[in-house]
Amino acid sequence: MVELARRIFSSPLTVLGLFIVLVIVISAAFAPLIATHSPTEVDLLSKLEAPSAEHYFGTDEVGRDIFSRIIYGTRISLRIGLLVVLIAFPIGTILGAIAGYAGGRIDQVIMRITDVFLSFPGIILAMSIAAALGPSIENVMLALAATWWPWYTRIVRSSVLSIKHSEFIEASRALGANPFRILFKEVIPNSIAPATIQASLDLGFVILSAAGLSFIGLGAQPPSPEWGAMLSNSREILREAWWAATFPGLAILLTVLGFNLLGDGLNDILDPKQR
Amino acid sequence: MPLLEVTNLKQHFTTKKGFMGDKTVVKAVDGVSITIDEGKTLGVVGESGCGKSSLGRSILRLVEPTEGSIKFEGKEIVGMSAKEMKELRKEMQIVFQDPYASLNPRRTVRQILEAPLIIHGAGDKAYRKELIESLAGKIGLRKEQLSNYPHEFSGGQRQRIGIARALTLNPKLIIADEPVSALDVSVQSQVLNLMLDLQRERNLSYMFISHDLSVVQHISDKVAVMYLGKVVEIADVAKVYDTPLHPYTRALLSALPVPDPTRIKSRIILQGDLPSPSNPPSGCTFHTRCPMATKECAEIVPPLEEKAPGHFAACIHV
Amino acid sequence: MHALRFIGKRLLLMIPILIGISILTFAISNTIPGDPARLILGPKATPEGLEALREDMGLNDPLYVQYAKYMGGIFQGDLGESTYSQRPVMDDLLRYSPATFELTLFAMFITLLVGIPFGVISASRKDRIADQFTRVFALIGVAMPAFWLGLLLLLFFYLKLGVLPGSGRLDGGMSPPEYITGMYTVDALLTGNWPVFYAAVMHLILPGITLAAVTVGMITRMTRSSMLTVLQSDYIRTAFAKGAPENRVLYGHALRNGIMPVITLLGMAFGHALGGSVLVEAVFSWPGLGQYAVNAINYLDFPAVMGVTMLIAIMFIIVNLIVDTLYFFIDPRLKHN
Amino acid sequence: MLLEVHNMSLALKRAGRYSKILEDLSFTMEQGETLGIVGESGCGKSMTALSLMQLLPEKARLGGEVKLQGEAISGYSKRKLEKIRGNQMSMIFQDPLTSLNPLQTVGVQIEESLILHTKKSKGERRARVLQLLKAVGLPRAEELIDEYPHQLSGGMRQRIMIAIAMACEPQLLICDEPTTALDVTVQAQILELMNDIKRQTQMGIIMITHDMGVVAEVCDRVIVMYAGKIVEEAPVVELFENPKHPYTQGLLASIPKLGQRKEKLGSIPGTVPTPGSMPVGCRFADRCPHVMDICRNVTPEMIRIKEGHQTACWLYDEKEGKADAAAGSHELETALHN
Amino acid sequence: QNYNEESEGAEGTDSPEGTAAESNENFDAEVFNFATNQDIPGLDPHGSAANTTFRVIYEFYDRLVTYEGTSTDPTPMLAKEWEVSDDGLEYTFHLVEDAKFHDGSPVTAEAVQYSFTRAIDVGKSAAGIFSKVIDKDSFEIIDDYTIKITLKEPFAPFISTLGTAFGNIINPALEENHGDDLGESFLAEAEMGSGPYVLESWDRGETLVMKANPDYWGEAPTMETVNIRFITEASTSRLMLEKGEIDLIDNTVISPEVLEQMKDTEGIEILEADSYQIDYMPMNTEKGALADPKVRQAIAHSINYDALLESVYLGQAERIVGAVPKGMFGFSEEAKLYDYDLDKAKQLLKEAGHESGLTLEIAISEDNEVRSNTALLLQSDLEKVGVTLNIKTYAWPTFLDLVTSGKHDFGLVSWTPDYPDPDYNLWYFAHSSSKGPGFNLAFYENSEVDSLLEEARTSTDEALREKNYVEIQNIMAEEVPYIFVAQPKVQAPMRTWVKGYELNPMNSWYVPFHKITKEE
């Protein structure tokens, strides 16, 4: 533990990542305490006000406080990121482990299905789902999860393949353990590390993708303070009210950056090759 | 009746090689017959890739043998149902070469040692605890070390944990697949000593696989020398080492660097490397490297014959 | 010969994937509630007209019949007719895809040009300033919302500086070069049409950079980690032991080995860029597949949606096939196996 | 004098901290001599070799002085070092598969040394490469030159490594466990080749190994290392017949000898201390059957036992020491903790 | 706001001449650049219902009659004059004699007959209008330049319909290109008209280029070249307008908020004009609580119309009461206006038995700020009377499906009539035969309204028709199947150098390129 902490602190970028992620998590947890205004209350008298002591990040085109919206937006973004990863990760991991461990025909079938989803253009899937079920954050998450899991399948499968013939797994078989036990007690715990690191990076990427979908109007719907939607709504007045687009943009940038730095750091720390 | 009797065992692997998926057949074990008596050790030596591990693994049915018969205490193992086989697994265990790879890095030593007992539903919690702790003592671990993870141990300790795991179910036969090859000499001797002690104590039988001739000779009662999936010589250890018959055995023995600077050696240096088991030479598979090879060697597959009492070799020239 | 067999095999493998994709798309498009016939005819249509059109479009057939018909068409190179543009989907795809392809390829070009040297520098200066700098730079590219970046670039390079054009593939009023590949830069080059070539390149720069931002990050990161692994390998030590100077080792030995996983990733990056082009095309009014797809979905143009999806999937698979083939030629271990 | 090493020490950065890997190594070597370095895994044998070549990982602190043929190479610039590496001194690594670049043909890899250090023309280089291939006993040199490492067997690869190292006829050849990864029969071939080379050239060879058999076969003189320090140095016969340091004695005792069956082997209890947590005093103290108080407090100096034979142990003092306090392996029993 | 100042200052100080030079650079009096974000699906006048198509085919083709400037009265075009029989069934048109198609052949009575029969045969959008009253036997060619059309039944707005894009006259030479699809695939990408412009090139999704027709029979077109450019991103087209690369942006592209911001930009002008567009809210009268007129009335009372017009439309709209837009014939001045009266609303809800509150859902289609803001405001208004309004956004196809199949409570729709006659809107909105797919999205049914509508449609008596329409509006005001929210103004951002552009209230998509000039 101490060792881990020392490793983390020996890399300034990882510390930065950790810091950003912490700030986001804290903002999400204590949004009502941190926010200075309601995130959705419209105040037409004070629209497009520049940043000031009253409105730290200014106000948007209907007079909502951008700072508060961004703070509340962390909740949405974190929720999207976490839920998508939490849906995609187990599906991908289990399928990948089964494919890798079972091999043969099962592997073939699973990997072909994975290929289908992998080569399926995700954004079209998202658009179709939005068209079918209506644009909403939930549907965006569904679409993202549907296109995300194959990555975990691939990663886990390849790491399963690399440990599949390990002697400790062989030993377990020699002891008479059934495949189920081997899969869950021996194979999966030893092959999800790379996928876990990927998942931590993905938290950022999912948020980014969701913002992209919101940007083209498929994601979060108007009153909700989703960053991509905020950015989208204010893009036309980028020059008159720079703050309206800049802060949501920065929020996305920093969030993704934070998760990336952290994920990269974890990778460097956990990857035995680079020790 | 020998504890283990293996007759004409074959283990062929069909592999898709490379990008193309060309199928090749690797005859890893190609008609091996051996026996192991109770309380005795059979040493199996040979160079890398000659099929030693495959032999061990197919005896345990970790891979399905292609052909042949394996009898444990007279019972045929080949074709046995999964359920019966599970029962039998208590009797035969395996110890692996790599002390780093043979223990699940994410489980504590206690969990590792407890797993076999759980799998076979042996005893209750208290019993298991006691058994594990006594085993730990045997291999020189303190109780509190049981909750450590494998990476916190040295190679020798890990190898002993591997042996302890094999012992939890109190088997009769242990197949030790190069248990000391990855260890430093000073540690290797610890493990060898432990194995010898255990054998005496529990009347264990070993199949001891190694490529190190001196180690094999130290621990074995009988030795089988393998070359390209076949046993080329098998006999009591003294016979094999003192009067080796097969030219391969002789070459092996003479190639061994002896830790004695004063000894003057006359070496038989074999030419070339071990041929690929997927494309073995015709006739006697050794003829391509054999200093004694003649024309017939390329044609006749030499049978394993009793050339001297209790001393079998597969060569037409002895 | 080996290579041919390999490619043949891979092409065969595409078939189940494409069937899977077609089923998936078909299923999804058919869960979208709405009546394409009504969309075509608009709110002012007569019920008889609607019915006739639906019959005509085969919308009254059971789903599996529709699917079978569709697949039957595909094998004759017929992707059906777009209900929106009322042209064969194939024609539409030929019209829209070169733009996307050109943009994506250009972005890949930038990606390689920037990503690989950055990755190499980063790896060879691990944990030093240059490394930290390139890593942060790459990460910002990855983390920057493409649409935002696009807008900022437009604001700066188009409005403020006025050095680069703002939208479309050519200057207003300029007519495109003779259609050969549909990629304006290539066609202009082939026909020696220099003004058009210049304009086409200028128009590619901003969307290209925007699209490449993410992939540069991906490639830089992968190059870095792959180079780090390679730099620790024994043969690098051998090269140093021979007395080879650092640059010779870096570029002569390490890079070629380190580039392998990067090449694999390149296929993925290409797919990513294809997907990302939807957003970038929107910002830069780039008349490509992304725009076409958005339109197709907005108008329940199922044949078009199917067509685009299949095309993007095929492109993705083919690029990955090319990547694997490249791999095959670069790595002698695969050739001789 | 071919090589003089004075007080060489090395610290490496690990997880943000420097830890001492090598401490105060001093030894010398004559032209044509083969010096063996033995010791347990992790004791710093490879690091010693890499320190000599100055091919250390980044953030390494290397101290002391190294003189090659009287030239203090330890102070050389990168440029100058590149000139001597592969030229005056070469190195062969343990794993012949991973030590060759998988993407270059064998010919190109051998030729590289020639490009770097000689002014030979293309044709001359090719001729030299062919000559080298033949010299290391490889058949079909003409074809081999265009093959890739993966097409060759382990023994052939190791011969290629030797050819690379020999390309510029170095004065010093450092071999880091050159046969460990090989099969016995192939190992015998390579050792034979090494001995041939030794006979034919005046090259000094440093042979790193943990196999006492190999030491006995090829070395003239041996250095025994333990936990980053030299504990004993002696001519090969002297070392086997008259080992002084308890560690050396233990090491020799734990080797199963031909003719010795199912007997208890000697062994050394405990494990090697890790670089981060070296004990004060003698590093072997915790495992030593003869441990005394002084061992745990004061680091023993190298003591001359006889001409060419020295050891770092408190059991001995200058001259002949307390005559053979520890003699045979039988005293170093206690195999296991139980 | 200081960024704004700074940037303007920066631009100003950067190069006062620079800006001028730049605009000079992009100024070309011969070329008109028009930006829209909507692609053109196809060019067949009979096959498309898209405004972007109308805009260009209106320039490629001529019609019997047309709408000039801001007028919504049909004026002669190809038909220099016409007579209508007293029973309103027979129309005789006299064609101009110098009109020529772009291939040089004259525009004759045969072409007229050909065009209308094809419209009906093709059976798409255009047929929706014409097949009710004419079929292929309706035509009688009297001579080359005279044609008589006999309606199946009287249809008062007939002349008005002829001025729509569906009434464009196509060169019968199209027949040579027929194939088996009535030339649909050919005409989707080509034009065979006689209008002031010819199609020069069309890069789908990018630019459509029109060139002046040098042999145009009418007044020579002013613009030599017209580029219709597809720029999907509104902010990009805005930038390009500022740069002078674009002369005019489609009035649907930029939201009122941003237009507000653009007003002060130098060189840019926002053209404002009345339109017949109405934004309205159908309430499903066949479903749940909304089936009760009291509830609908209550809702009508709970909307703060003034605030809505002010904050959502930024004042650029007028409140309306009925389906007939202000300014159109038949508009009722007297229909009841519901005032913003929460007490009354609560009272009505109580009477209807919804004291304890009510939950309803409003469906809107995506990507329109005005609609989503309207819904938001509505939501907060209704909350005050205890009605919870959930907003659901749908993609346009899904939305269309939902509201035409009656699964909605509320919808929110914008609508512009194709021809300036109350018959158009009212028939669609109120006739029982139009329920659902016919776009009677309230599923409103009132037999009195039905018969009034039918009578007015078949009558030629303008006074009677007007009376009927007013009556219908009054009835509907009482029963409130729809809440008519606003009649917004059309605002088109353009360069100040654009002269002569008039927005027609009915055809707000129409840009008379052939009459527009550019003067610096």
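Labels A, B, C, D and E are assigned to the chains in the order they are written; within every chain, residues are numbered from 1.
Rule of thumb we're sticking to: a contact is a pair of C-beta atoms (placed from the backbone, for glycine too) under 8 Å apart; a residue touches a chain by one contact, two chains touch by 3 or more.
As the structure is a prediction and not an experimental result, all values here were calculated from the model.
On a Cα centroid basis, the chain most remote from chain D in this structure is E. Interface comparison, C-E versus A-E: the pair with the greater number of contacting C-beta pairs is C-E. For this pair, chain A with chain E, the centres built from the Cα atoms lie 43 Å apart.
Chain centres here are Cα means. That of chain B falls 87 Å from that of chain E.
Between the CA-based centres of chain A and chain C the separation comes to 23 Å, rounded to the whole angstrom.
Averaging Cα coordinates per chain places chain C and chain D 54 Å apart. Taken residue by residue, chain E touches two or more other chains at 235, 395, 397-398, whereas all remaining positions touch fewer. In chain B, no residue touches at least two other chains. Across the assembly, chain C contributes residues 32-34, 151, 155, 282, 297-298, 300 that each touch 2 or more other chains.
By the touch rule above, chain E contacts chain C in their complex via residues 22, 31, 33, 39, 41-42, 44, 47, 49, 123-125, 127-129, 131-132, 184-185, 188-189, 201, 203-207, 209, 225, 227, 229-233, 235-237, 239-240, 242-243, 245, 395-398, 400-402, 404, 418, 428, 437-439. Of all residues in chain A, only 11-13, 112-113, 115-125, 127-129, 131-132, 204-205, 208, 211-212, 215-216, 228, 231-232, 235, 238-239, 245, 249, 252-257, 260-261, 264, 267, 273-274 touch chain C in the complex they form. Residues 1-4, 7, 234-235, 238, 254-255, 257-258, 261, 311, 366-367, 369, 372-373, 376, 391-395, 397-398 of chain E touch chain A in their complex. Residues of chain C that touch chain A in their complex: 16-17, 20-21, 24-25, 28-29, 31-34, 127, 132, 135-136, 139-140, 142-148, 151, 155, 221, 225, 228-229, 232, 271, 274-276, 278-279, 282, 290, 293-294, 297-298, 300, 305, 308-309, 312-313, 316-317. Those residues of chain B whose C-beta lies close enough to touch chain D in the complex are 47-48, 137-140, 154-157, 184-190, 192-194, 196, 211, 213-215, 217-219, 237-238, 241, 251-252, 254-263, 265, 267, 269-270, 272-274, 289.
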